[in-house]
Every structure is written in C-alpha cells, then in structure tokens.
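What follows is a pair of complexes built around subunit A, which joins subunit B in one and subunit C in the other.
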Partner chain A sequence: MKLLPSIRRELTLLSRSIYFYSEIAVAVICLVVLLFVMPEHFDARATEYAFIDLPREQAEAMEEALFADAGPAEGVTLKNRGHEIPARLYTTDMKYVYVVDNRASLSALCEDTGHIGTLLHEPGADPAYEYFLQGNETARYKEYVTLLLSSDFNELLDAADKQEVRALEENPRKLADRQSVLPLMLSVNCVLMGILVTAGYIVEDKKTKVIKALRVTPSRMGVYLTAKMSAVTLTSLAVGLIITAPVMGGGANYFLLCLIIVCGSFFTVSIGALLASFFEDIGKAFTAVFAILVVLMIPGILSMIAGLNAPWVKVIPSYYIVESVKESLLDRDAGYVLLCCAGLAAGGLILMPLSARRYKAAGIGVGG
Partner chain B sequence: MGDMIRVEGLYHSYSHNEDYSVRDVSFSVAEGEIFGFLGPSGAGKSTTQNIITGLLPMQKGKVEVAGHDMRKPSLKLYNEIGVSFEQPNLYAKMTAVENLAFFASLFDVPCRGPMELIRMVGLESSAKKKCGEFSKGMRQRINFARSMINDPKLWFLDEPTSGLDPAIAADIKDIIKKRNQEGVTVFLTTHSMSIADDLCDRVAFIVDGEIKLIDSPKELKLRFGKSFVDVEYVLDGQIRRQSLSTEDEEDKRALKDIIDHCQIRRMHTEEATLEQIFIKVTGKELIGDETAAEHTA
Partner chain C sequence: MKTIRIFLRDLKGTFRQFIAVWIIVVPVVLAFIIGLATPGASDTPIRIALLRGENPAQASYMEIYAGVELFNDMAALEKRVLERDDIAAIVPDGAGGYVILTQGNEPDYIISAVKALKTYWEQGVLADPSKVLFHDFGRTDPPLKITLVTALVLIVTVMSGMLISINIVDEKVDRTIRAIRVSPVPLTSFVVGKSLTGVVNSLVCGALCVLAAGFFGVDFPQVLLILLSASFISFVVGFMAGLSSNDFISAMASLKLLLVPFVASILAAELISAGWQWLFYWSPFYWAYDGVKGVLTQTARWSTVLRDTGLTMALSFVAYLLFYPGIKRKLV
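Now for the complex of A and B:
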C-alpha cells in the first residue's frame, strides 16, 4: 500500500511547512475578529432627533403618546460643538430617538451628526412635521416620507393591519449576524484556498524535480495527487473547526460540515492539480489560480448582500459549497448538502484522473 | 546473455513535428554491461534516457527495457530499474534517512536500508540532517544512493560524479564498478570522457540527436587514436597551448614552426583520449567537460 506512506510524507512536509502554520494563524485571526470585534447581532437601528414645538404641557402629552410603545425615556446629555444638550432617549425596535428641547439644538445635531431630525409643531388644527434631511437620502425614502405626511396615518395603519401576510416557513432558523459570515469565511479559507495551496505545493515539487524522482518508482501519479489532497483537506478541516466550533458551539451539524469541506476540498484540489500541470513557474500559475479564485468567490460575496437575487450565480460550483456550509451550520437540509457533496465529489473524480494522466502522458515535471 | 535495453529507430520531437531532438537512434545494451551514452549538452542524451525510463512518452520507434515494451510501460518495470538524475531531486524538508525511507516504501520489492546506503556514500554523520541543508555534492550523493534503494538490475546514471570532489568521485566510480561486477547493467549518460573511459565497456557518441558511433573505448583508441604532443608556448607575449598529432603532416609542420619561432614553456607527449576521438569523429567539442583541453585538429 503506497498511499499511506505518501500521506505520511505529505503530513511530514506539511508539519514542516510555513503554509500550514500560516493557514492556522489566519484561522485564529479570523476567530479573534469574529469573537471580539464583530458583535453577535448587528444593531441596525437608526438614530433620529426630534423636537416637539408646542407649549410645554401639550408637548409632554404628545411625546408620551408618540412613544407610548417605546417604554420610559432615558435622560441623556448629548455633546455638540462644545455644548451639552439635554435630551430624552426613546429606544424602539426600529430606531433611537433623542428628543431635544429647542429647534437650534435639533438643527445643530442634524447638521453635525448626519442623522435626520423631525420637528413637530401645530400651526393650525392638525400637527405639522418638518424634516431635517441630509440630502443624500434615496428617492424611495423621500417618497415614503411624503406618503406618510400626505396620507391619513390611521388609514395607513388600517391598511397594514388588513394586509395578509403568509409565512413561507414558521419560525425559520437564522444564523446570528456574527455566524452569518461563516459560510463565506469557511468556503474561502477552507475549501477554495485548496486550489491555491495545491497549485503551490505541486509547482514547488515540479521546480525541485521530486515529481521526476517519483515517476521512476512503481507508484502511480494518482497516489501522489491523493496524498496531496489528503494533506490539504486535513488542513482545511483543522482551519474549519478552529473557526466554527467557538462561534457555533453545539448548534451546527459538524458531520455535514466536515463532509462538505472534504468533498469541496477534493473538488478544489483537483482544480489546483490540473492548473499546476500547465505551469512550470509559480508566478504564472498563481495568476491563473487567482483569476479562478476570484470567480469562485463571487457566490460567497453575493451571499452577504441581503435581498440580492442573482440566479446566474448558481452556475458557479462554489455557490453549492456556500449554500451547503450554510445548511450545515443551521443543521437544516441534510439532503441538499449530501447532494452537493456528491456533485463536488463527482467533479473531483473527473478532474483528478485527468490531472494524473496529464502528468504522466505529457512528461510533466521531467524537463530540465 | 540477452539485451537489457533494445532501442530501434527512435525519434522524438518536443514540438510534435519534423524537428526531432532524437533522430533514428538505435542501440542495445547487453546484460551486465556498462554502456556509456556520450555527447555534449543538448545532444539528445537526456531525451533518450527519459524515453527509455518512461518519463517521456514514445512517439516513433521501438524501445524495450528489461523485457518491457516502453510503448506501454508497466509500473512493475520500476521495481527492476534505478535512476540517478544529474540534478539532485530530494525533499528538502526531509532528512536523508527520511528521504530514502520514503522512496523505499514505494517499491514492491525488498529494499536496502537507508543507513546502509548513506554509509556507502560517506554521509552517515549527516543522515539526520534535512537535505535542504546539504551542499550540492552531498545531495548528489544521496540522489545516487537513492537510485540503489531497490537493488536494481538495470541502473541509469546521469552524470553521477558531477559536482563531486575527486576523492568522492573515485568512491562513486568504485561503487559503480562493484555493482557491475555483481551483475548490474549500467546505462551511463555523461559528457565526461574520463569517466566513460574508466568505466564503460562500450560507448555511444551522440551529437545533434544522432548516434555517430558505438564501440568499446579500447577499440576506438585503436581505430582512431594517435599520439599527441602537448605544447605550451609564448607567441606575441601570450601563453598558448596546443595538442598536435605526431602523425598528421599538418600538425607536424605546425609543431616544427612553434619550436622554430616561439619560446617553449612546456612540452610532453600524450596518448589519444576518448575526448580527442570524440572530436575527431563528431567534429564537436564536449563543452563543460572538466577534462577538456584546447585542441587543434
């Protein structure tokens, strides 16, 4: 059995290689960023300032009515242009509203902080609103504000209440904001990097001509490539678990996660091996590798953009890696993950023998 | 005894057209023979050896190695042959012992112990050092040792003493001779005529991808050899050196002219070397050969 000694050799080389420790170091840095820099949930609430320009008693009544759902106000002091501005902070699900006591403070705060402000006053029978916008608001936002001002607010509320809302999934499980970065991070760091690392290792072996020495032994090129794949996959698994375990705890399906990392790595290592067969020079190889990496990273990057629906992205194989990682982390659709694993493994099984044949038939690694 | 290597009408073109690097090469190597494949850099030596060892695919011709047809070489062939490359190709991050032990694990036949081979090439004190820390000569010796790991019956050696100091080179030559006496067939690729002269039963001269001549060094010296006078003299204030034949009329006249008109610094006779014969037969000089001297035909 020549595979085991070959794997042992690759692991020995791996343990003495700076690439392995670099990858582990990058994984640790990613973990530190995730745990200590990135909040578990992003606070997407907007900040607004408000001033109710009414006689004191009416203003207090209006303020109480407007923020009845927000709970009691918190007395705060805002600092602006060297002045201290007393304000009452109301925290709702959607925003933080600071209510100040005069128009000058409202205007100064809006001007200096870049947040919008609302001035409520009552010139006639009905209350009137004055908005302090920044000028960079979208047309949609401005239309939304106009609609609110020109319509009967109660009518809008009634219409909203009558709107039928049908949930496609009851209580869908979602990744926390911190966890939602993992599909991109794992697909790039653990799986796609396999292309770069494999191409690097093989081009190095071609440069030092050890491939030539292996070719005059009774060991097949497939054994050499499989041993390389094992070493790269092991690194990927180590990196994946270092990043995932502390962030997800016991919440992920680790069996599926490991499976998608192994199958994804098999696929990407096969691409790396095939690419490396075309280049003798590491610089030229890396140009091609980076071009392919950029394309394969697109699905992961797009997955971070909420609400973006780009069907064409499904043509890129790495889309299925990102989605499978997501499903594994959520411990959700095992069937989908297994199907993707089978597809990636099939891709690897086509590419790997093709690479082995190229190394053998074309006399690659023989030159010089 | 049968042939260990049989090559007939071998052609090879890297560009897959009529621009052949090796052209109509035919020869055979008998079992137990040391066969020297001699030629300058770029003559087609390595291409021929790479085809014979299965590193390059065959295009045209017929090659049989240890009974294996090289059109479809079996992996089993590699249990029977050993190859020592000119450029050391070892895992730099592994020690000498680890390198040899790993390569031994790839063979299906009983292999020699790494330490035994390391001792044989005089590197026992560096056995546990990483090969990346070795000098080129040390790497070359481990490379040479690796080619013996499976106790091959057919041994391909490409410039086995290149970059080695004379004492070590002499040891390597002794090992080759000893292994040959034990029955190992040796295919020696070199541009060093002195090594070929010392070791080979027969030599083939290859130039521009074509074999010009095959014979034993002894026969070649009888057929083509002449005595030479090696003369060093001063002409126009410059020191010059020439080897002139004592049989060739033109050379004799040139020698007389030098004696009459120049200041002689040194002069002695020498027997024709394989290199001089190579130049005479092929019209080419062996660039890079450490034994090469300036010659005038």
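Now for the complex of A and C:
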C-alpha cells in the first residue's frame, strides 16, 4: 500500500521541477495558437493558373462567362523569375484562379509554383484545352479531366443536380478545421512524449543512484515505476484538458478523452520504462526512444491529411490513440474507444512487469 | 583544431555503439517505406464503392475515371463508406435506377464529382482525347510523399538537436564540464565539439532520407545547402537547451517548449492560407520547411533556396543571441 504515498511524492517532486511548468507553458502556448492564430476554417482552395488563347475581345467574353459566379476579378501582380506578371485573380468556392496574358507566363508559373495551369483555345478546336501538370498525376486523373472537358457540362448540370444522394448517417459530426489539429496535438504532446520523459526520469535516477537506494528500502520496484509513470500520466492528463476544454467546449466526451489519454500514456510510459532499463546513460537511451518516437508519430501526421486512408498505418499502435482521441472529441464511437483503451492498457500491463523484472533481476542501474 | 579533435573522438566513440547507428538507420528505413508506400497522389479525387457483379459495365466505366472498390454485399460496402476517408457508393435504388450513398460528411466537391460521373455514365459520355493536350514537368514524386519526407527530415533535425542537448547535459551530470575548466581546452570548444555529432547526424541522416525515399532527380547541392541550414537549427536548439539545463528533465522541458514553434510552423505552412503565413515568418523552422519542400518538389530556384537558407540561419542566430546572455549567466 505504498503506492499512493509514492505517487503523491512523485507529484510533489514533479510540481517543483521546471518540467511541470514547461508542460503548462506548452499547453497555454498551444491554446493561444489554436484560439487566436489558427483560423477556425482552413482555406482549402487550390491555386490554378489560366490563359485564354483567343483574340482580346473573345478572350474577355470567355473569361467573363467562365467566372460569372466568382464575382469581379482582382487585379494582381505576380512575381516570377525576377519578372512582374500582371494577372486577374478570381476566387471561386474551390479555387484561386489567376488569369495571365500569355503562354510563357502560364508555363513559367506552373513550373515554379507546382500548381496546375489551363490554356483555353477556341471552343470546338482540337485540342480545345492544354493542361500544364507536374508529372505525378495518374493516367486516371488525366482521363477524368478529359472526360469533364469532352462535353458541355452545363448541358448535363440539371441532370447531375437531380441525382439522388442518401447519407448513411443523419447528422454526422465533423471536427472543425481548428479542432482537427487536436488529435495530433494531444497524441504527440500528451501521450507519445511520455516515452521520452519516463526514460529521462528513470535514467536520471540511475545516474543519481536513486534506484540503487531503493534496494535498501522496503519499497518495491513495481511501486517505484508505477509512481513515476502515474506522475507523468497525470501531468499529461492535465495538459490535455487545458488544451481541449476551451477549444471543444461541451462538445467532447471528456470521460472517454481522459480514459484514452490515461491508457495511451500508460502504454507509452511503459515503453519508456522498458527502454530505460536497457541503457546506463541517457544518450544511448535517447537513440532508442528517438527511433520509436519517429515511427509512433506517423499516424498523427497522416491524420492531418484529409481523405487519406492508408491501411498499413493500422499496424502502428499510436494509430489507435489518434483515432480514439478523435472519436472522443466527436463523442461518437464509445465502443471503439473503450476497445482501444483496453488494448493499450493490456500492452502497458505486459510491458511494465517486464521492466520491473529487468530492473530487479539484473540490478540494472545499481552498478551505475 | 581542438574542437574538431573533440568532435572526431566523440564521433568515433558514438559509432562504436550499434545503437548510435540505429538513430541514422531508422529514419532512413522509414523514408524508404514512405517512398514505397505513398500512393500516386493527384489521382482522381473520386473513389467509388460498388457491389461486385451487380453491373459490370458500370464498374468498367467507373474504373477508367475513378478509384473503384468492389464489395460482395451491402453490409461490407456500407462499412467501407463509413470509414474516415471520403468514398461514396453507387448502389441500386430498388426501382431499376441507382442512388449515391455517402456517409454524410463528405466535402461538397466529392459529392459533385460523383454526381457528375454518374450523370456522364447515364448519358453515355466518353472522354475524347483529342480535346485535351497534357504537358508536364517530369516531376513524378507524389505530394503526399514530399510532405511526409519533408516532415521526416525536419523531425530528424529536431531530434538531432535533442541529441546535442542530452550529450551536453550528460557531460554536466558526469561533471566532465567541471574537469574541462582545469584543462587547456576552452569550454566553448569542448561543447561545440560535442555538439557537432548532432549536426553531422542531422546532415547525413537528412540526405540519406532524401535518397532512400527515391528523390534522385532533385538538385543535390540545393538539398545539402538547405539541410546544412536545418542542421544549424538543431545545433542552436540543442546548444541552448543543453547549456540552460542542469538535468535531463530540464533539458526535456526546454526541448518540449522548442517543439511548439516546430509543429506550429509545419502546420502553418501546410494548413494556413497564404494571407496569414506572415504570422510564422519569425520561425526558422518555417523557412527550413519551405526550403526542404521547395527542393523536393523541384520548384525551388537558387534564389529561393538562398533566401530560405539565409533566413533559417539568421533567425536561428538571432534566437541564439537573444537567449545566450541568460544561459551564460547560468554557466558562470
């Protein structure tokens, strides 16, 4: 029953360390960035360039017809290769289109910016369109573009509008753009970093012979590790809530969120503790932590790429942390979150006794 | 010369340990996997789920223009539509026609594109290749691969900074730094010499990641220059965090604080509209990210590479000048 006093002692020590205050500072900075710097909705409009290769009057008429829904053009000057290129900017729901006045400018802008360009010839001509792509577009993409330009879409617009669409979910919730950063932020900052912090704590205790001192006290290695891990986990939980509550308001399921942060942290700090058992100095431990952290960060980074479904990422355990954080924020699939929590907790329960056994059996860290 | 000798000795010692090789090998293997696994992006934005064998002609038509996934039954098809990415289904409506099935949270442009494709199929429209002429610049690397490898290269930079700071703190904990005070080696030479391992790691590992991911067509002098400036960040970050911390946990705390501008800069570069990008111009990470991405997309010209490199190094140096007086006081 020495666990609770040990956790209390670790928390007291932690609250006196610079680490604790830096965690709070990081949380506050993240919050300020989310609330005041990051726009509520990201601008997902793509940039494109266009040139209408027709006599001036015809070109103007075509431009007017093409961008009738975009509102008036904004006169802008683009800078490219030391030249100034006059252009007219049209802002549609999906794109920013810069219309330039010659083919050379269109080609140079596409080459230097990596955006797509369209050159329009007289309607009915073969070809009526030239597309400037980058080279990574698939044959299917080109077929799709060709299909769209092979008939007068306006004629088919009525039929397309009448297509019946049935949604499987009546009112599916979706994270606002600003909120969509939270799964990455919480999983990396509050959960994954636990590996690094725990490994750092334990290796430091090895260096300062605290672990050696444990051998002459009635305290058990399991209690020592659990206390360390609990202190780190509770700090992560506090930081997570500081960031989440003002951004999500009452919209998230905080019980599930706390549960996934605790279970995810338990899993990651167990990895940190196990890794620390293999190394006598932090430099060596860090290399191992570094390698594992890089891999575990991948699902978080991929979660920021809209519409991506990469099945291979599911073999990385942190995928389930990121997805569970998202489900908790959306207050959606509680069963999935609970299942992930159980899996992560089981992983932690397997790893932690392994670490304790390593420290105990080999007297690791005792030799120093 | 003393600095270089310390660096070479440190490097030799580091590479005797297998684990130190691992720190280079893991990101490189990861870059290799990214190179293999990332799909040919800029594919058609439309992905459609259909029932297997229900209408083979429709499936064949759709496969020309969209990514098609076939399912044996409605339950499997609906399960797929409910997954996190944006995929719509076209299924029989029970009255001889077809209906579009969605999860309900897909962006409008996806729905419009599926509606258009279904309409084109119903009207029997086929692509006419004579209508469109395509040109390209021979850049075959997909954008997703470029984004992931750019982020990986910068993560390597930050981690190398962490390695530097941990090496310095390790020397402090072992009291080697105290011993150095009574040796003919200046303290600065010792610390800089110890830090160069991290810089070399950042440079070598970054370059190997670029190669392992299959970016053979990029301008390598540009890659090396931008990596050099990025490794300068790792040097400054590691140096500051290491000198200002007396134990590992303080070093971790400093580094976590430094991770905020790192993550914010990448998110800003990827997600924030051009009009608001200026908010992050103060961050060297922003310019390093811009530089690495520009080189990998092969859109960077020497003028932009020199601008990104110069700003990355200058802003890192300004940060160093701002924080060094406080650190120096601590050291004394």
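A few notes on this one:
Everything that follows uses one rule, which is that the second predicted complex is superposed on the first by the 249 of 368 C-alpha atoms of A that agree within 3 Å, B and C clash if a C-alpha of one lies under 4 Å from a C-alpha of the other, contacts with A are read in each partner's own complex, and residues count from 1 in each chain.
As a convention for this text, a residue touches a chain if its C-beta (ideal position, glycine included) is under 8 Å from a C-beta of that chain, and two chains touch if they have at least 3 such contacts.
If you're wondering where the values come from, they're calculated on a predicted model, not measured in any experiment.
In the overlay built on the shared chain, the residue A:39 is in contact with subunit C alone; subunit B does not reach it.
When both complexes are overlaid on chain A, the residue A:9 reaches subunit B alone and has no touch with subunit C.
Contacts of A:263 after superposition on the shared chain: neither subunit B nor subunit C is touched. By the touch criterion defined above, A:50 lies against neither subunit B nor subunit C after alignment on the C-alpha atoms of chain A.
Applying the stated contact rule after C-alpha superposition, one finds that A:17 touches each of subunit B and subunit C.
Overlap of the subunit B and subunit C contact sets on subunit A: residues 17. Against subunit C, in their complex, subunit A makes its touches with residues 17-19, 21-23, 25-26, 29-30, 33, 37-39, 42-43, 45, 81, 93-94, 107, 110-114, 126-138, 140-151, 153, 156, 159-161, 163-174, 177, 181, 185, 188-189, 193, 196-197, 200-201, 203-204, 207, 279, 281-284, 286-288, 290-291, 293-295, 297-298, 301-302, 304-310, 312, 323.
Against subunit A, the residues of subunit C that register as touching in their complex are 17, 19-20, 22-23, 26-27, 30, 37, 40-46, 64-67, 78, 81-87, 93, 99-105, 108-109, 111-112, 115-120, 122-123, 125-144, 147-148, 151-152, 155-156, 159, 162-163, 166-167, 169-170, 173, 247-254, 256-257, 259-260, 263-264, 267, 270-273, 276, 279, 297, 299, 301. By the touch rule above, subunit B contacts subunit A in their complex via residues 50, 53-57, 75-79, 81, 83, 85, 87, 89-94, 98, 102-103, 105-108, 146.
Partner subunit B is touched in their complex by these residues of subunit A: 2, 5-6, 9, 12-13, 16-17, 208-210, 212-220, 361-363, 366, 368.
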